[in-house]
Amino acid sequence: MDKLTHLDETGAARMVDVGSKAETRRSATARGRIAMQPATLAAVREGSGPKGDVLATARIAGIMAAKKTGELIPMCHPLALDSVTVAFTFDDGGVVVEATASLTAKTGVEMEALTAASIALLTIYDMAKALEKGMVIEQVRLVAKTGGKSGDWHTE
Amino acid sequence: MDKLTHLDETGAARMVDVGSKAETRRSATARGRIAMQPATLAAVREGSGPKGDVLATARIAGIMAAKKTGELIPMCHPLALDSVTVAFTFDDGGVVVEATASLTAKTGVEMEALTAASIALLTIYDMAKALEKGMVIEQVRLVAKTGGKSGDWHTE
Amino acid sequence: MDKLTHLDETGAARMVDVGSKAETRRSATARGRIAMQPATLAAVREGSGPKGDVLATARIAGIMAAKKTGELIPMCHPLALDSVTVAFTFDDGGVVVEATASLTAKTGVEMEALTAASIALLTIYDMAKALEKGMVIEQVRLVAKTGGKSGDWHTE
Amino acid sequence: MDKLTHLDETGAARMVDVGSKAETRRSATARGRIAMQPATLAAVREGSGPKGDVLATARIAGIMAAKKTGELIPMCHPLALDSVTVAFTFDDGGVVVEATASLTAKTGVEMEALTAASIALLTIYDMAKALEKGMVIEQVRLVAKTGGKSGDWHTE
Amino acid sequence: MDKLTHLDETGAARMVDVGSKAETRRSATARGRIAMQPATLAAVREGSGPKGDVLATARIAGIMAAKKTGELIPMCHPLALDSVTVAFTFDDGGVVVEATASLTAKTGVEMEALTAASIALLTIYDMAKALEKGMVIEQVRLVAKTGGKSGDWHTE
Amino acid sequence: MDKLTHLDETGAARMVDVGSKAETRRSATARGRIAMQPATLAAVREGSGPKGDVLATARIAGIMAAKKTGELIPMCHPLALDSVTVAFTFDDGGVVVEATASLTAKTGVEMEALTAASIALLTIYDMAKALEKGMVIEQVRLVAKTGGKSGDWHTE
C-alpha cells in the first residue's frame, strides 16, 4: 500500500506533498471514444457540421472541465494550466476524443487530460441521448506524458 | 439534426425547455470499469481494506460529482437530487463501479449517474497512477433508467 | 431604503425570504451589445462561420453562467432553470446578444438572463481581444419578463 | 481568423498555450456604469451609507467574481491573482464602477478586471431591481493595462 | 452504525434517499462565536462601523456559503433555499454570529445554517488575522430547527 | 482600522496586494473539536472503523474545502497548495481534527488550514446529526504557522 502515494502509512487519503519537487514543463495527452449506432453517428456528424454546435459544445465542456480537475478529483492539486486542447475524429462506429494539457509545475497533468476527455465524451452522450441511450464510453486512457521526474511515457 | 434535442433549428446549442414536462419520480443507473495489472489491483484492494481510503475517496468523489453535473455538462439542467449511491466490485482484472441517482423532476438523471461513475473511475486512476499509467477506463454506459415520458429502459 | 428588498431594516444585506410566494411559470429576456471596429467584427464573423467556434463558445459560456447566477450574485436564490437560450445577431458595428431564461419558481429569472448576456459578451471580448482592446459592452438590460406577482413587463 | 488567438487553424476553440511566455508583473483596470432613475439612485445611495450594505455587497461580488474568471470565460487561463480592488463613484444618473486586478503571470488580467466590473454592476441591478427594472449597464470596457509583451495600453 | 443515516449497511457513505419524504416548510438557526483580544475587537468594531466593511464581508460570505453547502458537505442534498440571514452581535470578548436558513423541501437546513455561521466566523478571522493569530472559533452549534418529520427542536 | 489589512483607507474591503512579497515555503496547522454524547461518539467510532466511511468522508471534505478557500473567504487569494492533510483523534467526549496545509507562495495558508478543519468538523456533524442535534464545534484555531515575513508562530 505504500506505493499508493495518495495514502499515508495508516491508509488515510492525503494530498501528496509536492513542495520539494522542481517545477518542470509537463504535458499529458489522453484519448477516449464513444461508440454509437450508425444513425446516431450520422446525426452527431450533421449536428457538428457548418450548422451545428455538437462538437463545439463537447470541446468547450472538456476544456472547462480540465480547469476544474482539482475540484473534482479529491487528492489532485489545483494547477495553473498553460494550455488545453480537445480534438475529435470520427471513425466507423463513433467519435474519438484526444485531449492535451500542459503546464510548468511541480506535478503532472495526466488527470487534467483524462478529465477533459471524459467530460467531452459525456457531453456528446448528453447531446445525443434522445436518439440512443445505449452509447458506450470506452478506451479512456493516457496515451503520452512528458516532463517530471518519471520522464516521458507513451503507450506503444 | 432535429432529433438532437440540445440543438435548435439553426444548429445552435440550447438547454431544452422542460417547463411543460410533468414532475415524475426518476432514477438512472450507470456502470463502468477500470482495467489494471494484477499488482496494481492488489494494491488498490489492500488500500481499500480496513486500513485504506482508496474506494471511500472514489465513492465520495462520484457522489459529489453527481451534484456538479449541471455545472460540467453544458446543456444539463441543474437538478435537486434525492439520492446518489456509488458501489464498487472487484473482478479479475479491475474494478467495476455502479452509480445510481434518483429524484422527482421534469427531466432524467442519466447524466448524473454517468458523471458519478466516470469521476469515481478517474479517482481510482488518480490514486493508483504512481503504480501504473496504462490503466484503461471502459464500458461506461447507462444500464437502466425509470420514470419520465420515455418510460423504463434497461440494457438487456 | 426599505424598498431595497435585499436590505433589512438595519441596512444589512439578506436573501429575501420567498417562502410564502407561489410558484409560477416565469421568464425573462435580457439584451446587450459589444461594439467593435469593422476589422474586428469581420474576424468575429469569420470565426463564427462554418469553420469557427467564436459564437458557439460565447453561447455556451452564457448558458453555463445562467446556471451559476446564484453563486455569482450574492443575494440571488439558487434556481432550477427550465430553459436557457442565448442568440446573437450582427449589426453594423458589433454583436447583439439576447438571452432568455425560464422556470417555474417562487422568484424571477431576471438576473439569470442578465448574467447569461453579460458573460456571453465578455466571452466575445476574450476571443477578440488580441485584435482590439477597446471593444465596449453596452446596453445590457432587461427587455421583458413574464410571470410572478408583479406580472408581465417589457421595455417599450 | 488566424488573428483570433483562441481559435486554431481549423476554427476550433482552444486555450492559447502560454507555456513559453515570460512571467511579468501585469495589471488591468476596467470601468462600467449602471444608469438608473433619480429615485432609484437615491435609494442606492441611502442603502450604501452608514447603515446599508448595497455597495459593499457589489464590491465583494466583484472581487469574488474576479477569482472565478477562469471558470466563467471558457478559454481563460486560471490565474493566481495578487490583488483585486473594486471602487464606486456616483454620478448624476447612476453608479460608476472601476475594477483593477494585478498579478505576476504569463498572461494578462484584462478579463478578470472586466468580469469584476460586470458582476459588481449586475449585483447593483439585483439589489435595486424591485424599484426599477429598466436600469441599463453600459460602457463596460478596459481602460488601462500594464505589463506583458504587448506593453502598456490605456484609453485616451 | 445503522443509526448513522449517511452510511449503508456495509458502512459505505451515501446520500440518504429523501425521495419519499414530504416537502414541508423548514428552518434552522445556528450560532457561533469568535473570541479575540480587546484591541482586535476594537479594530473589528471600528472596521464595521460607518466606514468599514468587516461585518458586511462576513455576512455576505456566510450567505454565499449557505448556498454552497451541498458542494462542501459530501452527503448533503443540494437545496433551493428560500432565505438566509446572518447577523452579528458584539459581546465583551468577541463577536457572536447567528445564521438562519429556511426552505420548503424534503430535508432540513441545519447544515446550511451551520455552514453559514462557520464561514462568517472564518471570514472575521481572515479580516483580523494580521492583528491577532490566536483568535478562537467556538460554540458553533444548532440552536433551533422547525419543520420536518422530527418536528421542532431547540436548545434550552 | 489601518491595521485591518483587508480594508483600504476608506474602510472598503479589498484583496491585499501581495505582488511585491517574496515567495517562501509556508505551512499552517489548525485544530478544532466536535463534542458529542457518549452514544453518538460510539456510533462515530464504529462508523469509522474497518466497516465505515465516517472519518474518511470528513477527511476528504476537509481536503477538498482547503482547495476552495479562495472561493469561500471573500478576500483570500487563490492559492496553489502543495499539500493538505487532515487527521482525527478521539478523546473522551468527541473528535479532534488537525489540518495542515503547505505551499510556496507570497501569502500564508492559515485560512486553508482553518477551513479544512471547519468543514471536516461540519461533515462529522452531518454524518451524526440523526443521532444528536446538540453536538458543538469548538476550539477551532490556528496552532502553528511557518514561513513568511512574520516568521514562525505557534500557540504555547
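As written, the chains take the letters A, B, C, D, E and F, and residue 1 is the first residue of each chain.
Throughout what follows, a contact is a pair of C-beta atoms (placed from the backbone, for glycine too) under 8 Å apart; a residue touches a chain by one contact, two chains touch by 3 or more.
Fair warning: this is a prediction, and the values are worked out from it, not measured in the lab.
Chains that count as touching both chain B and chain E, per the definition above, are C, F.
Note on connectivity: the fewest chain-to-chain touch steps from chain C to chain F number 2. Of the two interfaces, E-F and B-F, the higher number of touching C-beta pairs belongs to E-F. With centres defined by CA atoms alone, the chain at the far end from chain E is A. In the CA-based superposition of chain D onto chain F, the rotation angle is 120 degrees, rounded to steps of 5.
Legend: contact pairs of B-C compared by residue number with D-E, E-F or B-E; the interface matching in over half of them is B-E.
Chain A and chain C have CA centres that are 30 Å apart.
For chain C, the set of residues touching two or more other chains reads 12-13, 49-50, 53, 56-57, 59-61, 64, 68, 71, 74-75, 78-80.
Checking each pair of chains for touch leaves A-B, A-C, A-D, A-F, B-C, B-E, B-F, C-D, C-E, D-E, D-F, E-F.
By the touch criterion stated above, chain B contacts chain E in their complex at residues 25, 56, 59-60, 63-64, 67-68, 78-85, 87, 102-104. Those residues of chain E whose C-beta lies close enough to touch chain F in the complex are 1, 3-7, 10-13, 32, 43-44, 46-47, 49-54, 56-57, 60-61, 64-65, 68, 71-76, 110-111, 114-115, 118-119, 122-123, 125-131, 133-142, 145, 153, 155. For chain D in complex with chain E, the residues that touch the partner chain are 49-50, 53, 56-57, 59-61, 64. Only residues 8, 12-19, 70-71, 74-75, 77-80, 105-106 of chain B touch chain C when the two sit together in their complex.
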